[in-house]
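Read the structure below first, then the notes.
Chain lettering (A, B, C and D) follows the sequence in which the chains are written, and residue indices restart at 1 in each chain.
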Amino acid sequence: MSELTRFSMSIEETLFQRLGKLVSRSKYTNRSEFIRDMLRERLVEEEWKNNEEVVGTITLVYDHDTRELSKKLTHLQHHHHNVVLATTHVHLDNHICAEMILTKGRAKEIQEISDLLRQQRGVLHATLSLSSTGKDLK
Amino acid sequence: MSELTRFSMSIEETLFQRLGKLVSRSKYTNRSEFIRDMLRERLVEEEWKNNEEVVGTITLVYDHDTRELSKKLTHLQHHHHNVVLATTHVHLDNHICAEMILTKGRAKEIQEISDLLRQQRGVLHATLSLSSTGKDLK
Amino acid sequence: MSELTRFSMSIEETLFQRLGKLVSRSKYTNRSEFIRDMLRERLVEEEWKNNEEVVGTITLVYDHDTRELSKKLTHLQHHHHNVVLATTHVHLDNHICAEMILTKGRAKEIQEISDLLRQQRGVLHATLSLSSTGKDLK
Amino acid sequence: MSELTRFSMSIEETLFQRLGKLVSRSKYTNRSEFIRDMLRERLVEEEWKNNEEVVGTITLVYDHDTRELSKKLTHLQHHHHNVVLATTHVHLDNHICAEMILTKGRAKEIQEISDLLRQQRGVLHATLSLSSTGKDLK
C-alpha cells in the first residue's frame, strides 16, 4: 500500500445519507473503503479500454470426450505461454471439466486468446474476467 | 438540490493521483463531481435490483409494414398507461421506425413491458435503459 | 422484411430441448423467432463495436433548478443537430426532469455526446441505449 | 455430448447473409456452432438468474502485506469449503497477488462469497465470472 492521504469532497446531504445506508447494508467497514473500491473498479475498466497490461481469468467448461480437444486447448495455451500464468483443472462430472486460466498481458491479446478458446468444438462455455495487475490500485 | 455538506475520506496517495488523471482526461470539473456521479450510478443499480420505483426508457426499432404491429404496440402501451409517460416516434427510412418510450414504475413491471414489446413479430430490436426518478440522487 | 429462407442446423438433442423450454417460458411464438432475435442483438453489438452508423437513446435525469443547465443541454444538442433526431421532455416532480434523446450517427460520436451531457453539473443520471438503424436486421 | 439432431428454421435472407459474415469473420467453423454457442450463453444467464446450481470463478487481486488478509481469505474460503472447488495463487510482484477461486453451488451463495471477499481490506479488485456446470449445455 502507498501512503494514505486525506481528501475532502463536497456532497449533497441526501446523497451522503444514501451513501451511508449503502455502506451499512453491505459489509464495508466505512465510506472511504466503499468509495475507493468504486474508484478501483472504474480504473480497471479504463485499463481494459486502453489496452494496458492487465490480468484476466478465462474460465472454460468443456466436454473432455470431444476428440482432440484437450490436446488443442493445451497447444493453444502453450502457444501463448508468455501470457498464461497458471491453469487449474477440475473434473465436474464423468464428462465435463472446468478450467480456469490466469493470464497477464495486453488487454487485446487476452481477449483474442479467450475468443480462440471459446470457438473450439466441445467447449460448452467460456468467460473472461476483467481484472488488473493491481499496480495502479494500491 | 439538497444542501451541500463536506465529507473527508482517506485514500492511498497513488490512487488519489490516478483519480486526478481520470478526472482531467474526462470533462468533469472536479473530483467531487466525478465521485458523486459514480455513487449515483451505483444507487440507480440498487434501485433496479430492489424493485423500487424507477424510470426507464424502452427503445424499439421495428418494421412498420409488419401486419398489425403498430396496432399491437399501441395496444400494449395503452394497457400499461399508468407506467408509460411519453412515446416519441421517428421514421428512420421507408420501412423502419424507431420509438422511444419513457416509463415510470416498479423495476419489474418495466422489465416485463420491455420483454413483451421485444417479443412482438416485426420488432427488430429492443433495449431498456435503466434510469431513475432522481428522488434519491439529489 | 426481406424474403424468408430456410436454414437447417445441427444441434445436440439436450440443447434442443432446453431451447424449447426457454421459448415456451418466454412469450416467443416459436424457436426461429427466438434465435433470430438473439442474432439481431449480436449484430447490434457488432455495429457499435465497429463504429458503424447506429441509433441510440440518451436518457437524462436532471434538476431543472440548476443554473443555466437547461440552456446548456439545449445548446449541446443543437451543436449536434445532425445527430439528434428528437427530444422528449417529462416533468417528474417539481424539480426533476427526464429527457430522452433519440440519436442516429457514428457509434463513437453518440457515445461522446452522451458522456458530455452526463458531465454537466445538475445532471443526476445519464444512460445510453445501444440500438440500430435496423437496416441489417430485416 | 448428447446425440445430434437437425432443426430447420426460417430466417430473412438479409439476416442470413449477415450471419454468414459474422461467422466467417470470427473463427467459428460453421453457422450451427455459432448459434449453439449464442444459445448456451443465454442458458447460462438463465441459470444464474434462476439461482440454479452453477460454476463461477472469483478472481482476487490483493496486497499480501495487508495485516491478517491472507489468513482472513483462507478462513473465508474454508468456511465455504462445500462451494470452493480449487484455488490457485500467483505472485504478480513483490506485494501483489492474484488468486482465482473455482466455485460450484447456488448462484446466490457464490455471489455472496464473492462480495464478502471483495469487501476485505487490502483486496484491490474482485470479479466473478458467471459460468456453468455444463449439464444442460451438452
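What we mean here is this: a residue touches a chain if its C-beta (ideal position, glycine included) is under 8 Å from a C-beta of that chain, and two chains touch if they have at least 3 such contacts.
Computed from a predicted model, the values in this text were never measured in an experiment.
Distance between chain A and chain B, defined via averaged C-alpha coordinates, is recorded as 26 Å.
For this pair, chain A with chain D, the centres built from the Cα atoms lie 10 Å apart.
Multi-chain contact residues of chain D (touching two or more other chains): 1, 40, 137-138.
Shown here, the protein chains touch around one cycle, each chain meeting exactly two partners.
Chains that are in contact with each other form these pairs: A-B, A-D, B-C, C-D. Looking at the complex, you find that chain C touches chain B at residues 1, 26-29, 33, 37, 40-41, 44, 55-57, 59, 61-63, 65-66, 85-86, 88, 90, 92-93, 95-96, 98, 100, 102, 104, 115-116, 118-119, 121-122, 124-125, 127-135, 137-138.
Against chain B, the residues of chain A that register as touching in their complex are 1-16, 18-19, 22, 31-32, 35-36, 38-40, 42-43, 46, 136-138.
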